[in-house]
Amino acid sequence: MSLDAKTRMLHRAAHELKDGMFINLGIGLPTQLVNYVDEGANVCLHSENGMSGVGPLVPYEKADRNLIDAGGGYVSRLAGSAFFDSALSFAMVRRGRLDLTVLGAFEVAMNGDLANWMIPGKFTPGIGGAIELAQKTPRVVILTTHQDKKGQSKIVRECSLPLTAKKCVNRIYTDMAVMDVLEDGLILKEIADGLSIEDVVKATAAPLQIADTIVHF
Amino acid sequence: MIIKQSDVREAIARIPDGATVCVGGFGVPGTPFYLLQELVRHGAKDLTIVKNDANERGMGVDHLLKNGQVKKLIVTHIGLNANAIRMMNEAEIEVEFNPQGILAEKLRAAGAGLQGILTDVGIDTTLAEGKTIITYDGRQCIVEPPIKADFALIHAAIADQTGNVRYSATAQNFNPLMAMAADCVICEAEQVVEAGRLDADLIHTPSPFVDHVVEIAELSEEYNVIRR
Amino acid sequence: MSLDAKTRMLHRAAHELKDGMFINLGIGLPTQLVNYVDEGANVCLHSENGMSGVGPLVPYEKADRNLIDAGGGYVSRLAGSAFFDSALSFAMVRRGRLDLTVLGAFEVAMNGDLANWMIPGKFTPGIGGAIELAQKTPRVVILTTHQDKKGQSKIVRECSLPLTAKKCVNRIYTDMAVMDVLEDGLILKEIADGLSIEDVVKATAAPLQIADTIVHF
Amino acid sequence: MIIKQSDVREAIARIPDGATVCVGGFGVPGTPFYLLQELVRHGAKDLTIVKNDANERGMGVDHLLKNGQVKKLIVTHIGLNANAIRMMNEAEIEVEFNPQGILAEKLRAAGAGLQGILTDVGIDTTLAEGKTIITYDGRQCIVEPPIKADFALIHAAIADQTGNVRYSATAQNFNPLMAMAADCVICEAEQVVEAGRLDADLIHTPSPFVDHVVEIAELSEEYNVIRR
């Protein structure tokens, strides 16, 4: 993924973060969205280690040793932020108080299944908070490279890895495309500038319906 | 940040007939008398009220009872309200009694998105009658369901405009749990301040659990010390 | 019960409150024990409406409108007190963090069964916090008049009223006697000054074993 | 009030071989490095450690792992500690993974004297394998058992001598829940003050859940900001 493609993807996905929303941004790429939020969109960010009102990342010199996000980054507090324990933090998640979560993925299936925590025999660091975020948030959006480092599509007919949650994904943002998960599969709605519909279809290991109007981002 | 300050009429007008409404408070401390007064004016009927107690005669929840707005009370104790006891005995209202800590846990279970809790509280008593009992880890347990509410009316000492809330002394009681349990949480506060004025370390109920913040115009007599 | 008998009972029962203990005093008579605690006994009192470190009752002029005990009395706070919500308050109770609770009674059976919340058809104000205190506290002590207003013994072979909790009582203090609950029934250990063993036995509707040494209080 | 201030050696010496020990913290914030250092010196073996994570290499819990004191980890994620992953893969330790919020609830359930909780979290995944599943209110639920511990080691920003505790920022995390879950709670504090110095309204963990308070002699390097 080129720096340019990544920036465009982040710009596009950031429109998901709408005024008035309470949002959890997953570790990695999703966390970076905080720098791309639309001006005038008052959102409140949740960090599952026990904070609402998460502010931007801060350099080490300004870091508070007791103030990190769930990815371990040193963050700041905004006016109106609050700290709480891990039980209350996930009570918010399971109670459905979040409006949106943006998560990374190893695989997303055409029915909305998500696998993002375990590659058997290779990578088993643990489940963390992903399962509850994926299963319980009203709107789950995936932000990921379209293909893995070996050029394999992360968008698949059926997940081969252990699932994080079933039928949880509403939309997928990649460096190549924006796709929605419908009852009967995926629909391609937007594609990155410079790519054709065929480019995206070829790079995707799941069937894609094509929207009547395709927007470029 | 998201500003949640609201007018008391607009906030309470959302409550429809038949709603389940949690009401904070244990006796006077923590009871949202200001919101209850508006709920009486608003007049929504057939309400299920979840509260520790039914206040005393002529106070708080008793106004709803007298105004015929209550179908059912889910409580732990109504001993201080002779009117509520009379209405229960004459079948004008239905009353469900819960052990106090179990009422708290059932509200919290809803607030924590759990499907239920297992407890042995009351296992050997009449309170276990009619409940689901399972054997788990070799012991008999009652399965207690969450109490999920449509609304919660809570009372804060101080809140900020984004809905971060602090209680005073024993006025905390059920308020934080009811804020977790309800789909829509309306908080009255003795004082509402700007975002950033409350220390983020010292919040009792964080803003994600609060939908509307109403400043109390003036503390009524009901909030005062009761002289018996 | 004469004022003198009541005072002597409270003095005697107050010795239950020992240095280092975390204690819940039930509504009514038990609450009054706070005025009789042994000097030098550092105890911490719990009130189930959400407080540890409960201080003495205060007159109305000095009352904080937000600071009551579970019986509705206006109390004070001690250095080291803390306020918390109802869930945490009963978490302490069910977790077994209390060392002692002193409760009132309608009936106590010789096997330690307690009935103190409901008289069917007459008095049904609700269960409140009694059931959890009775069932979960390591040491449950009853403080009550020996007989009800009609002169009926509150100490019985078997409870006729709906139970608060089974086999929960360890000891009973009345205006007439101190009795312990053993595996095989009650044992009379102390009697009030001016009474004989026969007086107590006659006033009690449950068989009493008699301790080798009977102390007067 | 009851004074609970204690010497670090005396407090940690209570932990026997085979104990289940909860350790607060999510990453660095809230990890009781001072108590862990003493636990390494003390040397208790065959420990079951309950913690969100396994810290990073060369920090906190990793010292216990390297010293061969750990039999089992109950965690949500150990991705930042390659040594822990290696020991897991080579079967030198047993590792149980929990969803993060469910670990919190299982600890809290023990702390609230419940026999279990019902949740649908993970119901359709491999995490449900081997667990008790019941149908309640028409839905399939996993029965999750409480995690009751023998000891909890927690980290406070400030505590009073009676054991009332306050945390700072995201150093709160699992600490309050572990204090509830354990039979014996040892709290290290950056500052210990006299009873009455903390506002009774603004306590995170009240004294009844704390058994021993240890003042940290000096904050070690491990407490500092990590520069990567």
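Should a chain be cited, it is by its letter among A, B, C and D, assigned in written order, with residues numbered from 1 in that chain.
To be clear about the criterion, a contact is a pair of C-beta atoms (placed from the backbone, for glycine too) under 8 Å apart; a residue touches a chain by one contact, two chains touch by 3 or more.
Please read all numbers here as calculations on a predicted model, not as lab measurements.
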For chain A and chain D, chains touching each: B
More contacts between chains, B-C or A-B: B-C
Chain whose mean Cα position lies farthest from chain D: C
Distance between the centres, which are taken as Cα means, of chain B and chain A, whole angstrom: 36
CA centroid of chain A to CA centroid of chain C, Å: 57
Rounded Å distance, chain B centre to chain C centre (Cα mean): 29
Whole-Å separation of chain centres (CA-atom averages), chain B against chain D: 32
Overlap residues in chain D, where contacts from two or more other chains coincide: 105, 108, 112-114, 119-120, 167-169, 200-201
Per-residue overlap in chain A, given as positions that touch at least 2 other chains: 77, 83-84, 87, 90-91, 93-94, 136
Pairs of chains, among all present, that meet the touch criterion: A-B, A-D, B-C, B-D, C-D
Chain D-facing residues of chain C, complex: 20, 22, 42-44, 46, 52-53, 77-84, 87-88, 90-98, 136
Residues on chain D engaged by chain B in the complex (per definition of touch): 105, 109, 112-120, 132, 134, 136-137, 139, 141, 143, 145, 166-169, 200-202
List of chain D residues in touch with chain A within their complex: 26-30, 52-53, 75-80, 85, 88, 97-105, 107-108, 119-122, 124-127, 157, 167-177, 204, 223-227
Complex contact set, residues of chain D against chain C: 1-3, 108, 110-114, 160-162, 164, 180, 194-196, 200-201, 203, 206-209
Residues of chain A that touch chain D when the two form their complex: 47-51, 60, 63-70, 72, 74, 77, 83-87, 89-91, 93-94, 124-129, 131-132, 135-136, 162-166
